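First subunit A sits with subunit B, and in the next complex the same chain sits with subunit C.
Then we have the complex of A and B:
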């Protein structure tokens, strides 16, 4: 390596160092190719399988008989798929509304000045760190009809007349899954919203107060407009996270009873690994992939707008 | 003085108001985290007390029977060993690839970075449950099914994108003048990265490492799909193996769950402040 007298040809050395940027390129491409190989490729492979007849016999072969849209036709004709598709929309919708609303309320509350505000807010994030399987098991115990603590408390408060069958009543199971998942991920949404909240300049509030704006007006005309891009980004992230929910639902209800709390990724997994209908599973999966990808495009656009603003 | 507060401030002395807020906050957080408390104490109850009506909110006769049976009958040690064997390499791989990628993204000035970043953002959204099936088939055909290596590769793909997104803004904060000064002393770019940039990034890397470890440690889809051989099952299904039935031994399930999450809760309490600030700095950018 060439080593010039210090300072004399420093500029030249710096230029040389920048010319060594092939290292940077390797650094950039290594993780990107890793993700392309281990996420991008499997997703494309999944799309390919959705047009093929895949059996346990030809599982390891690349060339399998193509069946056109047969898998999709079978999927769309299946009433279970239609129900699960609606379930997924409900699950995502309730989570977006629930987490953004509760997350915003919690973030606004913890933005007040009082002892322990930051510590207590941070403590909530503990739920987000837990394994999904544990969250599912935990709520299954909380929601148990006979000995569960939820029914006990609600009965003690006279909020319910008799035990609610949170997990075994098809009309209620989806609500149960929603409650557990909002509990699980909401603190993460809250932290993201809280970060955007502290970025709003206090001068805006001072000026508004001088103009006689009350708390509602300040929320309506300063806080909410300033948070708009963040709330949209959080809504997208919650959609993405909710579509990834698998471990928790698997432990809590397994999608039951009668698929009443089933969602698309879980249904796809069940087709593939419980019924060994890999082609059907792939078709359901591709359907979910297209949905998630569309949301992801909105998310990336939102981030770009926010970066520019 | 907080200007986001409501009109009550004018009617109430500030001190009283702050005390009320603190009490409400403490009560709210206690209620929110009650399920975790419930999990921890359920493991200390006896098989009679667990089904007591009304339930006891503090175990009347705390005992370790459930914990003992989880170690003896359920072989939790084997499960935890499996989780750690997977989580440690995943953390290392994530930190390595994550630091490299985030550093490159903070130093290269071209459209290529935007393309890479958008690619990463788009790839991170796909549900693992959907990737698991094609991955199972791909790994089967290249002959690495039923190896820890397969689970490590798969799990890293789940946490790597998150690491890149969190780390990139952190690396952007390191001024490149520091490295340029070291080139004058004859450092290569790799040496500058290794000796100057990485030591400055210790705190963010600790945060990302903790989250990567927690996620890899808690992951379920990949182990259960990719380690499906009978003798590997006890190590991959874990807690799931005994909550399927409607009448589960909940004190044992909760004892299992408590031991299982202990490392994550310890990690969280240790790094809580850093994790929160790390997320707020990076997660939306």
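Then we have the complex of A and C:
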């Protein structure tokens, strides 16, 4: 078995612990403490809150009246939650498909050798580095129905009859948010796929070409199989990124109109900080945590397989 | 001079400085005023210079984050000594015992005389007969209009529309799709802002929050809905915050726009056309003048360390001189007796001063966000055509009634 940096497993850790180096223990405990304090505690605290009646009056206390599953019952009974839950699934699904496909296309495109390919690829990555609030504000401007550049271009091309209400039509707002978010995160998917592309030995392509394989066959039988673990990892990461999309949507639509573009993290925030319903907000947050946790498990397993392949 | 002597002198000097710094108590103040002209900056500066006992240390918290930051501070037990709160949330904090009761301090104050305050801002600070906050400034909504566009469409800018039908007729005339101009803009955003903007029309129609399914309330929402569905107002109003609406007005895309006096400084600075402002219209046949009251209150959070100092600061920041300074950024005094002499934008000042007289506060109600949210949803459902106004308001009323049954407005 190869021992790459990602090939660390429990047996190896135990073996290292037997080395009885006190310094090693320090290095082991530091990250464990970090994870427990900054990730474990907030998650447990959130779960605790979701079983309590939390008001502004008892917010600073830890022991508040327990209400069992009442918060969860109220959440399930709320049609807004059901709508937002479906929204979140749609948002994640569209983002995974859109980003893996477009990311792959962009990665393949920039893998071609033409002048400025590397520079342009790097430039594309700049979008991913922008703060979500900036991206949201930017797209809000471009999607404005009267003076926005999107409608202007579409009208100039005679693609649409009248202005499209990208942000104020409940039937369209989700699509709008999807477009903006795919644009925002796609370069990140592209870079991961591009890195994996460079790892495919050129000889394989040359041999295939000699055997008469055309571009489509080379993509189908060499590139895609070689990228499979990477694409799965990208899909997991995009899921996680999409599940925590908050700031961009906050700036773009605030989840509206009528919660048509709302997602779980934003709904949780609205319950807690706008409606002062902290227990309900925590219950909504729990759903997001469980969902992301499940996907994260898949991601970690994928990485393990990749390392051992 | 020996080294030892020198060191002793340095130590003595240092301890004197330290003692001086120790003697001065710090009042932490959170506020959202990023405009340099806001009276709070002048107020803090003069307060710090006027006496040696206390020093205000201010922290600027963005307007939209102030409530969230207060919640976090309560959760972690680290509230500031003094905070400015938007008036409808005061009751939410007060009812949960998160604000210091200042009833007796106000009663004994030689500076603050409540009887000269407007009734609306007085009421917002009270919960169950006790006072927890006091108004820092007030505002109310008025109707801005583009006089150049009025003239271009044969309307007399010296006779702005005064009734609902006149406003609708003017909006129809001013609407010009070829030039991307809508007759009127208002805020129907899915937040407290749309409740703030809708309530005047509800009240003008003779409706009330207690009876959202009444014919009067339906008429008010129908009026807004018609403006959007006839194309006199943009469908985008449901995704525009109040400042977005004024942006569209400033860009010449909205010929009329509902907005508050806090917009005046940037309108004055950036607008090139002949802009004016008038009071909100009345409904034909009803003649009820109404507007929404907005503004921020000073409150002392529970757990504040310098309560005495914080109250001294409130007193200092509530003097006529400071209130007069507020108009520089379009904020009006909560006291009826304070008149700004030689105000900036004198005509707008007269209009908003008139408008404030008819302004009604939201609440006070500890569950104000739960009352406001169904109204926002009804507005958005109706304006997007998802539900007719009557049905949207019926559903809103059904959500609000149980809350009001437990705790009336």
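The criterion applied here is as follows: the second predicted complex is superposed on the first by the 280 of 309 C-alpha atoms of A that agree within 3 Å, B and C clash if a C-alpha of one lies under 4 Å from a C-alpha of the other, contacts with A are read in each partner's own complex, and residues count from 1 in each chain.
Everything that follows uses one rule, which is that contacts are C-beta pairs under 8 Å (C-beta built on N, C-alpha and C of every residue); 3 or more make two chains touch, one makes a residue touch a chain.
Not measured: the values here are computed from a predicted model.
> Putting subunit B and subunit C on the same copy of subunit A, do they fit or clash?
In the superposition, subunit B runs into subunit C.
> Is A:64 contacted by the first partner subunit B, the second partner subunit C, both or neither?
Once the two structures are laid over each other on A, A:64 reaches no partner at all.
> Looking at subunit A, does subunit B or subunit C touch a larger number of its residues?
In the superposed model, B touches more residues of subunit A.
> For A:300, is the partner it touches subunit B (first), subunit C (second), both, or none of the two (neither)?
first
> Does the superposition put A:56 against subunit B (first), subunit C (second), both, or neither?
The second partner, subunit C, only.
> So in the superposed three-chain picture, is A:257 touching just subunit B, just subunit C, both, or none of them (first/second/both/neither)?
A:257 contacts subunit C only, not subunit B.
> Should A:188 be classified as contacting the first partner (subunit B), the second (subunit C), both, or neither?
first
> Of the two partner chains, subunit B (first) and subunit C (second), which one does A:147 touch, if any: first, second, both, or neither?
Once the two structures are laid over each other on A, A:147 reaches both partners.
> First (subunit B), second (subunit C), both or neither: which does A:122 touch?
first
> Touching A:273, do we find subunit B (first), subunit C (second), both, or neither?
After superposing on A, A:273 lies in contact with both subunit B and subunit C.
> When the two structures are overlaid on chain A, which partner does A:292 contact: first (subunit B), second (subunit C), both, or neither?
After superposing on A, A:292 lies in contact with subunit B but is clear of subunit C.
> For the combined three-chain arrangement, which segment of subunit B clashes with subunit C: 27-35, 153-161, 171-179 or 243-251?
243-251
> Just to be sure I follow: which residues of subunit A are touched by subunit B in one complex and then by subunit C in the other one?
59-60, 144, 147, 272-273
> If we count contacts the way the header does, which residues on subunit A are in touch with subunit C in the complex?
It comes out as residues 55-57, 59-60, 144-147, 165, 167-170, 253-258, 272-276.
> Give every residue of subunit C touching subunit A within the complex, in rising order.
So the residues of subunit C in touch with subunit A come to 67-68, 71, 74-77, 92-93, 96-98, 180, 182, 189-192, 234-239, 248, 251, 253, 369-370, 373, 377, 380-381, 384, 386.
> Write out the stretch or stretches of subunit B touching subunit A in their complex.
Of all residues in subunit B, those touching subunit A are 2-7, 18-19, 21-22, 25-26, 28-29, 32-33, 35-36, 38-39, 42, 50-51, 53-55, 97-98, 100-101, 103-105, 107-108, 112-113, 116, 118-135, 137-138, 140-141, 153-154, 156-157, 160-161, 164, 179-180, 183-186, 188-190, 192, 211, 214, 217-221, 225, 238-240, 243, 248, 250, 253-254, 257, 260-261, 264-265, 267-268, 272-273, 275-276, 279-281, 283-285.
> Residues of subunit A touching subunit B in their complex?
1, 3, 6-7, 10, 13-14, 16-17, 20-21, 23-32, 34-36, 38-43, 45-46, 49, 59-60, 62, 108-118, 120-127, 129-134, 136-142, 144, 147, 149, 152, 156, 183, 188, 191-192, 194-197, 202, 205-206, 209, 214-215, 218, 223, 230, 233-234, 240, 243-244, 246-247, 250-251, 265-266, 268-269, 272-273, 278, 281-282, 285, 288-289, 292-293, 295-297, 299-300, 303, 306-307
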